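Shared between the two complexes below is subunit A, which has subunit B as its partner in the first and subunit C in the second.
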Partner chain A sequence: MIALKDIHFRYKKNKPLFENLNLTLEPGFIYGLLGKNGAGKSSLLKHISGLLYPDSGQCTVFGFDASARKPAMLEDIYMIPEEFNLPPISLSNYVKTNGVFYSKFSNNQLQAYLAEFELDESAKLSTLSYGQKKKFLIAFGLATNARLLILDEPTNGLDIPSKSQFRKIMAASLDEEKIIIISTHQVRDLENLIDNVVVLEKGNIVFNRNMGEISEKLAFEYNLSGVPAEEILYAEDMHGRKAGIVKNIAGHDARVDLELLFNGIVKNAAGINEHFANYKYEY
Partner chain B sequence: MEFKENQAIYLQIANRFFENILQKKWDSGEKIPSIRDMAVEFEVNPNTTMRTFNYLQDKGIIYNKRGIGYFLADDGFERTIAIKREQFLEEDLPLFFKNMQLLGIKLDDLKAYANQKPELNV
Partner chain C sequence: MNTELNLKRLGFFLRRQLYLNFSTMWVAIGAILGLLLIISALFAYFNRDVEIVLNLRNLHLVVFMLGGYIFTSKVFDEMHAPQKSYMFLTLPVSATEKLLAAWFITSPVYVVVAGLMVVVLCFITSLVAGHLEVLPHLFDEVFFNCIRVYMVTQAVFLLGAATFRSNNFLKTVLALILVAMLIAAYSGGLGYLLFGSGNYNVDESSELGATAKFIFDTIIPMLFWWVLAPFLLVVSYFKLKERQV
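Now for the complex of A and B:
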């Protein structure tokens, strides 16, 4: 489990980013961390991985204080950042020098992932494209068998077949011990992989709910004409029509449109959250 | 798989299961792929396919043998037919009738159309 408790943090004096941030992440789930540029997503992920320390409050990861950066915790965390520098050595050399830090590292798994992504172990990292480097880091990260996997924009730079392979690999690798956090703007690529949607806005967690609950209580409509105004929680123009989020009155579980949901939360988080709080089963 | 706009993903996957059953790709009493296998196939979260399995188990279409996996019930085919018929009557048919009304097509017109196409066998 990951628990952030009463986190306060600022980069500059008088410009606080996190003021009393609280968040709990449970094993067995994939969390989608969404937020506009500058909302604090990367700072949050850095707190969890021990790369930033809170000014006050505590972040614990599997029972360890994250800021203590104990090797026993660090070998259970793998983070793939959006931007990275890799040394000009071969894939196999990189694995030899870095795999040793992870006691659960599995070479068999690595070989399977590399084969899936069609990566050649003898190639030099410096000769790979951005997308190939990313696939290599994903393969390496999964092979560490770290219980916490943090992926910042994992599908950026991946071609279409690789995105599909990525989803298959993620679906296969989630188990009841793992916590996977995916921070992304490419919601269409990943919306069926995510269990829980966490939205960060100006350093505050403005939304944190399970997909099952969302699909039960909200519905996503692509033509709002004829829908009574009091049922509409959010509306936007889409291809000349009004699309939006409405209250799920029919009681059929709806397909969640993450892009609409995110837009709706950015514009009307209070209204949407209020609907969850007031929701009653009506028969 | 391309998912449709409105229906929850776990139900759309359930419909794919129904197709497999109706097309006899899966036979009664036979073991079906695991929750994880199906998640990988559909590129969705395993918790989503678990909902599909729970839904089908509630309907009595599949059952779980502890530690072995999920199996299609002996009357899985019949139960699937019953569910799909109900779905057809309650969801597809009203829409179909509404379109007929909009386009001014009568039941007799349908009969005439069907008679011209004996291969439809309806």
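Now for the complex of A and C:
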């Protein structure tokens, strides 16, 4: 389990980014971390992986204090940042020099992932495109069998077939011990993949709900004409029509439109959260 | 299992660091060795003199020390590169192991490799100069003292490598100059406050003279040879431990 408790943090000479931030992430789920630019997503991921230390409060990862960066904890964390620079060596040499630090590293799994992503192990990392490098890191990260996988904008630079391969591999790799955190702006890439939506706004967690709960309590409409105003939680213009989030009064599971949900939370987090708190079935 | 120091993991980390930096190191070693070889051979050929062979040995030692300081200053480059630091810091290796590996590569390993290079250069120089008989005399007390001094003072540059994010070598040299100036100003000021502008003559047999002699002959050398390097390594350890992106 990952627990961030009363986290306060500010970058030097800047106003506070996190004030009293609390978040708990449970194993067995894929979390989608959403937020606007500068909301604090990358900083939050860096706190979890021990790359940034809170000014006060505590961040624990599987019982370890993240800022201590103990090897036993780091063996269970693999982070793929948005921007990275890999050494000019072959994939196989990269695996030889880095895989040994992860006690649960599986070469068989790596081979399977590399085959899925159509990557040649003898190729040099310097000759690969950005997207291919990212796919290699995803394959390597999954092969470490770390219990926490952190991916910052994983689908950036991936082509359309690779995005669907990515979704397939991520969904298949999840087990009851693993926590996968995916931070992204490209919310459509996460549909049908994530189990929980966490939205960060100005350093605060403004929304943290399970997808099942969201689909049960909210409905996403692309034409709001005829929908009573009191049922509309959020509305926006979409191709000349009004689209938005409405109360799912019937309680039937609805398809979740992450983009609409995110926009709605950014504009009306209080209203949507209030609906979750006061939700009652109306048959 | 000791989570801070695991010898197997330390070995893996040493191999990783050497492997990832090997190509850069190889180019640098080749370039420096080639340049020194040309300079030494030309000087030795046109000045077939014993004195020249000795002077060239001194030049090799200066390059040996300077090269070592620059190499040490770059040992944590991966940690300071914005797009590589995450990998270095999240690698399951403790700060102790990262520091020990960096010290081992830049101190004993460097001393052996660069020392062998100096031996080869001295051999070629004395051969070209036609004074091969001088070779054994080139590895005198000065030679081994240089190695000892390097092994102590490189810890300063190791701390600089862990502390500064860019231009580590130049910033460390600047920091050393500033520290030396501060110590000189403090000592001068203290001397002036104690003795004023009078022409005070410290007699060695006086209590003050004996104390000064004890400090300069015993305490300062002991601090330099035995305390300085371990102290700087401990400070470097905390710098690594507290490093954030």
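Going forward, the second predicted complex is superposed on the first by the 280 of 283 C-alpha atoms of A that agree within 3 Å, B and C clash if a C-alpha of one lies under 4 Å from a C-alpha of the other, contacts with A are read in each partner's own complex, and residues count from 1 in each chain.
Please note the rule applied: a residue touches a chain if its C-beta (ideal position, glycine included) is under 8 Å from a C-beta of that chain, and two chains touch if they have at least 3 such contacts.
Please read all numbers here as calculations on a predicted model, not as lab measurements.
Novice: Fit or clash for subunit B plus subunit C once both are placed on subunit A?
Specialist: Taken together on subunit A, subunit C would fit alongside subunit B, as the superposition shows.
Novice: Is A:98 in contact with subunit B, with subunit C, with both, or with neither (first, second, both, neither)?
Specialist: Only subunit C is touched by A:98; subunit B is not.
Novice: Looking at A:168 after the superposition, I want to know if it touches subunit B, subunit C, both of them or none. Which is it: first, second, both, neither?
Specialist: first
Novice: Regarding the shared-chain residue A:87, is it in contact with subunit B (first), subunit C (second), both, or neither?
Specialist: It touches subunit C, and subunit B stays clear.
Novice: Mind working out whether A:30 is in touch with subunit B, subunit C, both or neither, as first, second, both or neither?
Specialist: Touch partner of A:30: subunit B, not subunit C.
Novice: At the Cα centre of subunit A, what angle separates the centres of subunit B and subunit C, to the nearest 10 degrees?
Specialist: Reported to the nearest 10, the angle reads 150 degrees.
Novice: Scan A:251 for contacts with subunit B and subunit C and give back first, second, both or neither.
Specialist: A:251 contacts neither subunit B nor subunit C.
Novice: Quick check on the superposed model: minimum Cα to Cα separation from subunit B to subunit C, whole Å please.
Specialist: In the combined three-chain model, subunit B comes within 27 Å of subunit C at the C-alpha level.
Novice: Take the contacts of subunit A with subunit B and those with subunit C, and give the residues found in both.
Specialist: Touching subunit B in the first complex and subunit C in the second, no residue of subunit A appears in both lists.
Novice: What residues on subunit A touch subunit C, complex-wise?
Specialist: 46, 49-53, 69-72, 74-75, 77-79, 81, 83-85, 87-89, 93, 97-98, 100-102
Novice: Which of the residues in subunit A come into contact with subunit B in the complex?
Specialist: Of all residues in subunit A, those touching subunit B are 28-30, 164, 167-168, 171-172, 174, 192-195, 211-212, 215, 219-220, 222, 252-256.
Novice: Could you pull out which subunit C residues touch subunit A in their complex?
Specialist: My answer: residues 3, 6, 9, 12-13, 15-16, 19-20, 23, 81-87, 89-95, 97, 241-242, 244-245.
Novice: In the complex of these two chains, what residues of subunit B are touching subunit A?
Specialist: Answer in residue numbers: 3-12, 36, 39-40, 42-48, 51.
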